Every structure is written in C-alpha cells, then in structure tokens.
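Each of the next two complexes has chain A plus one more chain, namely chain B in the first and chain C in the second.
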Partner chain A sequence: MQAFDCAIVGAGPAGMSAAIELANAGARVAVLDRGQKPGGQIYRSVSESPLPDANVLGPDYTAGAELLTAFSRADITHFAGADAWHLGDDGRILFSHLGETCELHCREMLVCPGAMERPMPIPGWTLPGVMTAGAAQVMLKSDAMVSDGAVFAGSGPLLYLIVAQYLRLGVPVAALVDTTPRQNYLNAALMLPRALRRTELLKKGLTLLAEIKRSGIPVYRFAEGLKVLGEENATGLQFTTKGQTHEIAADTVFLHQGVQPNLNMTRAMDLEHRWNLKQLCWQVVTDPFGQTSVPHVSAAGDGAGIFGADGALITGRLAALNILHRLGRLTLAERDRQAAPDLAQITAMAPFRAFIDRLYRPTDALRLPQELSTLVCRCEEQTLADLRAGFDRGARDPNALKSLTRCGMGPCQGRQCGHMVAGLLSEWRDERPETIGYYRLRSPQRLLTLKELSRYQAASAPAQTEAAQ
Partner chain B sequence: MKADVLVIGGGIQGCATAYHLARRGTSVILLEKDYTGRHASGVNAGGVRLLGRDVAEVPLSKASMEMWQTLDEELDADTGFRRNSVINIAVDEGDMATLRAREGKMQAAGYTHERIIDRAELLDRLPHVNPDCVGGATSDLDGYAIPYKATSAFRLAAERHGAQVVDGEELITLRRVGQSWLVQGARQRYEANSVVNCAGAWADRVAMMIGDNVPLSHAAPMLMITARMPHFARPVVGAVSRQLSFKQFENGTVLIGGGAKGFADRSNNRTRLDYAKLANAARITAEFFPIMARASINRMWAGLEAYMPDNLPVIGAAENADRAFHAFGFSAHGFQMGPVTGQIMADLVLGEQNRFDLTPFRINRYDRKVL
Partner chain C sequence: MFRSLRPKTAPEITLSINGHDIIATAGQSVWSAMALNGQTVTRRAALSGEDRSAYCTMGVCFECMVEIDGVPNQQACMRQVSDGMKVSTQNITESSEATNAGL
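Entry: the complex of A and B
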C-alpha cells in the first residue's frame, strides 16, 4: 500500500493550490479526484474546453489554466478518476479506481469536497426538466450543451453568470426570475461601504447584471411564490411579483439560490461542525489554517465554508503551510511568516463576502418546503406531509426522523434533504440548528458495487495469507 | 418525578416493558439517555427469527413469535412485520447432518416449528441460490420487521396508556432508600418503587448500581444495505455453517448482515467499521447468490449490542437488591424477543404468575463461590 505525507481529496482550486504548495516544499503528496481531469467544478475541462471559444465563460474560468499548469508541473501523485469512499481518521483512504477498491495511507489528510447547490424546494422542483444552474454550467463546460428557451430562477452570482454565458453564446433565454428580496438589498446596503474596498469584485457582479439587462431578455425582480408548472414534465414557471402573477412557458427551468458546503465527507468523519448563521448552512469547524477537530485532518475550499474560488486558492495554500509545519518541514514562525499575506487577503475579502452573503441570503420560504405535497427527499419520495407526520409520531431528531420515514436513506445520503430537514426540525421544535444536529453519516460516501467491495482485501491481508501458506 | 416503576433504557425491551406495565394500569417512567430506538433496537437487522434458537430460549421466542403475528393490531401501528419465513441454507452433507442432529434434539424437546427442506424445495423458494447448495431448514412463522418502527410503536403505545418516556435523560445514580429507589438523572430526580434495567450495551453499569455484577461484554455487529433491486428473495436467508445473512425488503433493498463485528466505543456512542470483514460478507453473499454481485451498496453501519458469554440474555429479578429487575444481554438476537420480554418483565414487577422457566437467564449464573 502506498503511503504519503499528505493525501488531498478533491482537485478543485483548494486541493490543487494545496498540492502545489506541499509538493514544491518536498512533501510526498497524493491528490484524489473523481474527475479524470483536475479543476473541480469551477475549472471543469478548462484545459480542453469543448466550446469553440472558452472566453465566453469569462476570465475567472480561463484563469484556471495557470493553476492547472503549475499543478501538472509539480511532483504530485494524481489519482484521476479516483472516487474516495472512505476517509478514516486513522489516515486510511479507500477509493474506487477502475472498478477496484484501492487503499492508501497518509500522515496528514486534507479534504476539499467543495460546495453543492442549495436545493430550492418549490412545488414541482423535482419534475423532469427542472435542473440547477450548476447543472447548466456542467453541461456547458464539459459537453458544450445548452437548453434553448429556459427560465432561470433564483438568486446569486452563479445564476447571473450562467445567464450571461448563455447570452454570449446567443442561446435564447425565456426569462430571469430573480428572487432576491427587496429587504436583502436594504440590509446588504449597510455593508456596502466596507465591501466597496473590493471594487473589482463588485464591478464584476454589476457588469454581469448590466450585460443581462442590455440583452433585453425579460428580467423579473422580487419574485415570490414560485411554482414549477406541469404534471409529468416541467412546462413553465409561475410566480408573483409586485402583486401580479406571471406564468412563463419553458421546458427547462434552472433553479439556483447559492451554494453550501458538501458535508458528507466531513460529517462521515465525525468532525466537529457548526451552524453558519450568515450562510444558513452547516460547516466543519476549523482554525484559520483549516485544521479540524481531528488535528491531522484539515479542510479547505468551499467544503470548509463558502468563500468562492479565490478564497479556495488561499485556504488551500494556508492549509498546506500548516500541514508542512505539522510534518516538521516548516517552523511555526516560518509558517506564520509565509501565511501572513494570505491571512491578510482573507481578512480583506471578508467584508465583500459578508455583503454577498447578506444580499443573497435565501428566504425561509425558498429554503424550506412550504406545501405539504412538496417532496423533501427525492430518493425515498418523502413529502413535507410525510415528515410532519413522522415528527408528530415522536421523531424529533434528524436520525429518528430518518429511521421512521426513510428521508435521507437513499443513494444521495441526505445531500439534498439534510439542510432542509435540519431547518424544518429547527422550526417545529423552535430550537437552534445546533441543538437539532444533523444525520449521522457513514462510509461509503456513494454507491459501491457489491462486486467491487467483495474484491477488496485489507492491505495487510496478502502478507498474512502468504505467511499462512 | 415519581412513579411505581422506573424503566432504564428506551430500546425495544424497555419500551415493551413500559407498554405492558402501563397497559395494566401501573405508573411508569422510562429514561432514555439518547432517544428511543437510537441503539441496537432501532438499527438492527430486523430479523424476527425462531429458527435455530438455543433450546433454552425457544419457549420465550415461540411465545414472542405468536405475539409478532398480531402486534400491529395490538399496538395499533405499523411495525413492518412480514411473515416471509426464514431459511438456513445447507451447503453440503455436513450441514445436512448438523440439521438432522438439531431436528432430533428439537423433536425430543417437543418442538416442531423447524422443518428440514430438500434441495428441490430450496431452489423452489430461493430460485437465485447457488445450485450447489443441498437443502436447508426453515421456520414458517418467521420473517422480519422494521426495527425503529417496531420500537417506536411500543413507545407510542406505552405513552397512550399513560407511561412517561423521557428522551435525552441519562441515569447517573441509583440508590435504594427504605422502600424506594432514588434516582438521579442528568437533568432531574426520580423516585420509584421498582426499577427495571433494560440498558442494552450499558446494562452492566446499571446492574452495578443496583448491586449486581455481571460478565457482560459489548460489540458492534455490522450491517450494509443495497440500493433497490428487482425482487429475487422472499424468505429471510441464513446459512448453517457460513456467515451468510440477508433479507430483501418490500422496497427492493437488501440488508446484509452475517455477524461480522466492527469496533465498539460505547462511552462515545460510537462504532467503527471493519471494511475487510464487510468485504468478506460481500464475498459470501455473492458466492451464494450470484445475482447479488450486481447490487450497489448504499449504506453501512454498526450497532452497539450487549453479549453474555453463553449468548443468552439475563431476564429476571436482581440478586442483591429488592424490587429491581434485569432484561439485557440479548447477544444479537433480542429484537425478536422484545414483545415477550415486555410481558415477562411486567409479570415479574407486578408479582404475577410467570409461565416461563427463567433459570437459564438468571443474573448469577456465572457466579463462583470459590476462586
């Protein structure tokens, strides 16, 4: 079995920047990612975009190419197409690679699981034809596929970015239905002066919005009461704004209301988590260097708290510096000296982040299902009514509710419903999310074929059999 | 808070005990340190099995099995019980000989619920079994239930009859003063005339507070469950001499057990899994049922279970204290015993006639007078 100074799970900006830093300092580094190419979500296929002109995706995307070059030049053992299904706090990682379970050991582990989109459980959100804005991005980046005449609904930078990318490609867009509430603009405005120190970021956002407006597509603001129309498939979107109800016909509805950390890895490792009040999501507890409640396990990037791609590069680097210190390759003083610019950068970015978080904070009406017939758990087809019935039968804990209703037991392992269930229980019990807690999660972190598992032998097993013979 | 009886532990034994007491008009408080059904009773394999039980346990298990058949009506709830039978597969003639020896022993004791089946019947009832298998044994009353649902059904029924169930309340100390038990919980104090120890993997600690020492150990048997797959096995499947154990539920998911144990950390309510052993369970399953090679495993877990050295539970009065009773140590097959255990404990507490011989289950069966 292979042993490494540090194993990094997730080859997005955080994982890549950490790997480069560690490798350049001489540490033996392994990087595992499910994808065949490094880059993660944001830089997906950046090295060989299927689009004739990748510039339509914007400068943030193309900037990823530099990182990729540095990554490919560094001395890093990159396991591409390696789907980690068990991360042990003993430093053992089990991962599927070409249909076999492989195993590696590391002294330090860095998890960079990235973010996932916050589900938007409006009536009809699970109908065929309803997808997330992130899915639209993936289709565009890796397959150059687009949907003509789609409606985009929700709020947040990623939503505006994909609309702008569509427009640049000349793809017709039925409408942008913006759910950012008026109150959010007022609350965020208070934070603007401090955020303004990062004018370039603000300008970037405004340019996108201006670009969308100029295009002349219908843009509805302050939309509420969203509902996907259709029985078997999505046929359109209904919503209310300024006292008027609108219906927009479309076969495809893209929804988005921000992202939240992908919790399954950090939860399955039983790391300590806290509720982030500003972003309304759980996140793993770390120190400024990403070190978690288990000292030899660190977390970086959006998976450790939403900070965006720029933030992920920095938190990845900071985690690497601390890991180098823990490996005895950097003194504490040297770590702190090298980390100073990055730490300062994080502090400088914080007000802008706070502004974005406030502006695009989802409303409870969109974050939590409102209609009894709305599905909460897609895998096990459990509706709000089913969950409420389970709660009324005494299941007041997320795990008890899961045991009783099967909500969260399906193949997604609660990725979709976990935050919703925590939110609902918090409302019903009138208690803070910390008191409610979250699902107890376990490996495997995704479906594992029985055939593959049956071929797995613990790394020390072959030696024992030899001895026995 | 005051009650006639205080039950410690909200697993199936504690909830069933509370139910039977409350139903007979006794005032009961049940303390559960986490939430009812959080441990073995809510996460076990759900096997409701009479087949292959230790002879000492058969009278109780048989009575329990009869109760399972009508439990949904009795508790007015859905326990998920399905009487789909259990089959233990025989791989070779050696296994068949084992089964015949067992049959002789069971018949001598007057039991007829286990029946040997030949290869033809095995293949008929489990068409996907590896055709090398030669036969097996079955019990037709057997089946499975949904553990958390069954445990919570007892709890809700107990509450309907007036029992008070306190979740999130850990018993810290227990003292006999005069005619009462004074009980200190993590949050509150309680007083009761009798106490019943149903504390599962923690029951030796509670027994010690009562004054009884017991050689209880605990371990973490592991399970894994697949994503839904087409129906291929109606009976619950076990094997005479292999670590094979699975059942397919109505929704198509297949639960695989086999008794392999992970690592138990009871002070932290935690277990760790042993993946090499789970891989072994996967190998055996695919070997006996080639169709299972296509299955996708969705989740794996382990539960904390209490074991006695002879794999028989402790059921009965305390040795060194008055008005204290024990029901624990079910050694990985106590889910099926829940209904009858509740009834027996209520009989014992209320001083009523009990129809079973409980000597094999007495707490002091391992005591030695001399070193």
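Entry: the complex of A and C
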C-alpha cells in the first residue's frame, strides 16, 4: 500500500488550510472528514447554503467560501463522509467510509478534531427540547431550520451570534438569559487595555450585543440557578436574577457556555495533555508548530486548544510548514522564514483571546452539576448522587469511577461527561485536575457493526507524479 | 416548534418516520426531517426508558441515535435522508434487551 506523505483528520479551517499548504508544496495529502462537504462546523454548507440569503449569517461565515474554493482546487485526496476511528502511532489510520472499513498509511499525521460545546448540566438538561446553541447554528446552516420562540441561555460570543442571526431572519426569540457573572466583567476589565489593540474584534462583539438590545427581546443578565422546566419535554426555563425568580415558557431551550477541544482522538492516541487553567479544559500538548509528544503526529485548530476559526487557519498552516520540514521539503531556516508572519499574528491575537476567555469563563455552578438528581453521564444515566456514591465507595479517579458506575461507558465514550467527572473528582479530592487525570480512551472511537468491519478496503496514495518528485 | 426557511426548489424524496410517510428534501439530515414533522423523540434512554432527543446535532452527544432501515445506533444528525428510507425511534433499553433474551 502506497503511503500518503500526510493524512489530515478533520476538514475545518485548520485541516483545510494545512492541506492546501501541503498539497501546493507537492506533498501527497489525504483528508478524512465526517462531513459530506469540507468546512467543519464553522463553515458548514457555506458552498451551498439552503438559506435564501446566507449573508444573514454574517461575513465571518461567508468568507469561508474562499477557503473551500482553494481546497477544492488543490491536489488533495479528500474522503468525504469518512469517520476515522483508529489513529495508530505507526502511521496507520482505520476509518469508516461508505459502509466499509478502510485503511491508509501515512508518514505524518495531523489531527484537527475541532471543538465541541461545553456541556451545561443544569437540572432538566436531558429533556427533549434542550439543545446547545451550536445545534441551533448547525440546524440553521445545514438545514435552514429554526425554532420559533426559543430561549437562549448561557454566556459567550457564539450565544449572542446565533440570537442575532435569528433576529435578522425575523425568527421570534422568547428571551436571552445571560449567565455571565458580574465578577467576570470586573476581572476581564483589567485585560481590556491589551485587548483593545484588536479594536475590530471588540467592535464586532459590541455590534452584536447592540443588535440584540435594539430588537427589544427580553434580555436578563447575571442569571443564576437555571433549571429547565417540564416533565417529558422542555416547557420553559426558570432562573433567578437580582433576587427575583423568572419563568420563561418555551419548547426549545438552547444552552451555551463556550467550547472545549473535542478530546477523544488525541486522548485515544495517548498523546500528552495539559489542563488549561484559563479555559478550564484539557488540551493536547504541542510546540508552536502543533507537533505533539509523538513527533510524527501534529494537532491544529480548536481541537488542539481553543483559539477560534481565524486562529485555526493559522495553526493549520504552521503545522503544515513543520510537516513539510519533517518530510524534507523545507529547510529549517525556510520553515521559520515562512512561519514568521503567522507566529507574529498568533502573538498579536493572544491578548484579545485572553480577554474573551476571562470574560466568559464558566462558573463552577454551571460547569459542574449542583443537584444530586441531575444526570452527569447522559448515556448510562448516572446522576451526581450516583457518582458521589461511587467516590465514597473508593473510586478516586475517572477510570475507577467509570468501572464502578459505568459513567463514560456509553456510546458518546465520555465526550459529554469527561470534563465534568474530572471536575467533580478534583473538587471532592481538593486536588488539581492534572492529578485527577481523564478517562483512558481506546479505539474504535465510534460505533461499528461487524458487517462494516468485515468489508475491508485499502486506500492507497496516488503514485507520485514527476512534477511532484 | 421547528420550521424550515428553505425555499422549495430542491428535489423532494419520500421516507418513512415511525410509520408516517414524509416528504423531505434531498441532502437534508435525518434529524431535521424528524424535527420538522413533529417526530422529535430519537431514542429511549437505556435504563429509564425516558424520551431523548437531539442535543448537539454535530455528532458528539449520541442522543439522536435512531434505527435506519433496521440498523440501530445511527446518528440522525450525521445521516442524510434518502428515498424510501425507514427511520424509527430507537427503543433499545435494558428491559427490552432482557425481554429479547427471554429473561
């Protein structure tokens, strides 16, 4: 089987920009992506929006079309609808594609698994009708689907963006319930002078907030004690602010409190991870070029640390430059020369990112479940009380708790409960997250049927053309 | 209540959701076809049997697992509709499995 020079998992901004850079330098690149079209979550359906006018989604979204065009023009072997479920440090990748099990080999591997939303374990969060704000965006981008009269609750830029998008489309919104605590504004204010160097980003955020305010929809700030109402379906949201309890009726409640790296791929590869104290999440350890603790494995984009779509584009390109160097196609000096503007850009973007991280840092009260009856593990239906009982019986780390209670053992493989379980153990033991650790994950990283496993297909790299050699 | 803003220009297909014949648009996700037709219960929780529905719609929560053409554990948010497809709410729970095993 002919090996690819580099295989990239994930076709969001990081994966796409890396693939373009590598392919244009003559490397044989394979890109595996779950989506039917490239773009990742951020540029979903940007090349063929089902909306009558995709401009309502804003220029940050429509700008993605350029990247998609460059991606489609480059000489890249793109496997659309490919779900990678085993990434070996021997350069072997196993993935599901069109109902078959496929295998490919590569010299260098770049993982760009992207971000997922931080779960928000408030009472009632498993009721039908409770979804994430990201889900509202996905449904709008891929299927032009909206929910009339929904409540949006939580904190962070993505929440305000989707509310503004709904309002531009004339979709009724019941309320925006903002959970950003007063203290966050005070703490973030100290970081404002440095962040102000990026006035255009600050302006963009303020414009969104002004747009929401102008619309006249009810906006509640400093909300606490959130609870989804309803027995079999969500019927509304209850919360407290300024000493008053409010109830807003709605059959859809969209929750959001920021994003975190989607860890399963980097964790299953047993790469070194660290706890990000500012963003309160785990992330894979890399050098400035995305190289991980396994030298021929790199990571880029939000899946390697939350930095946003613009940052992902840059980190993808930086990873590609280093991979080209490792493949012997760029000298070290040339790599560094070409990387200099991107590295400078990352440094310039950092203060604004730090400001946003501080302003929208989730509170422990929303990050960790508070009521004993709240489900922590949605798949295996383990409540806070169940987990505490497991801890009291002697389960001191995530894997022991998993063995004892089955938390994290369901189909999502801990994607939802992983951070919460580690956070709870950290609190109960009064020890740092690094000491607590995370679930030990293994391949396959998706549900597989035996039928699919029995259908095997090798995916060979195209023969090297003379021009590329 | 979910609603579609899609202009009616794309080709249409027919699929069945929980026994109801439904007209959908080619390229649409199975989850959106369900939601737009009031079929929002995707699966029953494995222990309690409580109704569950899509939560993340981007493939990381696995709440939208349905049965498609007799194959269980299919993520409705990640699959696209096709003509003649049969979708049903996934009803695999501890008690249903015990019954199947003759317990």
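Criterion: the second predicted complex is superposed on the first by the 452 of 469 C-alpha atoms of A that agree within 3 Å, B and C clash if a C-alpha of one lies under 4 Å from a C-alpha of the other, contacts with A are read in each partner's own complex, and residues count from 1 in each chain.
Quick note on the criterion: a residue touches a chain if its C-beta (ideal position, glycine included) is under 8 Å from a C-beta of that chain, and two chains touch if they have at least 3 such contacts.
These figures come from a predicted structure and were not determined experimentally.
Of the two partner chains placed around the shared chain by superposition, chain B and chain C are both touched by A:449. By the touch criterion defined above, A:400 reaches chain B but does not reach chain C. Within the superposed three-chain model, A:52 lies in touch with chain C and out of touch with chain B [touch as defined at top]. When the shared chain is aligned, chain C comes close enough to touch A:135, but chain B does not. In the superposed model, A:410 makes contact with both chain B and chain C. Judged by the touch definition given at the top, the superposed model places A:143 against chain C, while chain B stays out of reach. Residue contacts after overlaying the shared chain place A:427 against neither chain B nor chain C.
Between chain B and chain C, more residues of chain A are touched by C.
Contact with chain C, but none with chain B, is seen for A:232 once the two complexes are overlaid on the shared chain.
Using the contact criterion defined above for the overlaid structures, shared-chain residue A:94 touches chain B, although it does not reach chain C. Across the superposed pair, chain B and chain C both touch chain A at residues 410-411, 447, 449.
Note for the complex: chain B touches chain A at residues 35-38, 42-43, 148-149, 152, 155-156, 167, 226-227, 270, 273, 275-276, 278-279, 282-283, 285-286, 292-301.
Note for the complex: chain A touches chain B at residues 86, 94, 101, 270, 393-397, 399-400, 403-404, 409-411, 413, 442-444, 447-451, 453-458, 461. By the touch rule above, chain C contacts chain A in their complex via residues 1-7, 10, 25, 27-29, 32, 35-36, 40-41, 45-48, 50-63, 65, 71, 73, 77-78, 80. Touching chain C in their complex are the following residues of chain A: 34, 36, 41, 50-52, 116-117, 126, 128-132, 134-135, 138-139, 142-149, 169, 171, 232-233, 251-252, 262, 378-381, 410-412, 415-416, 447, 449.
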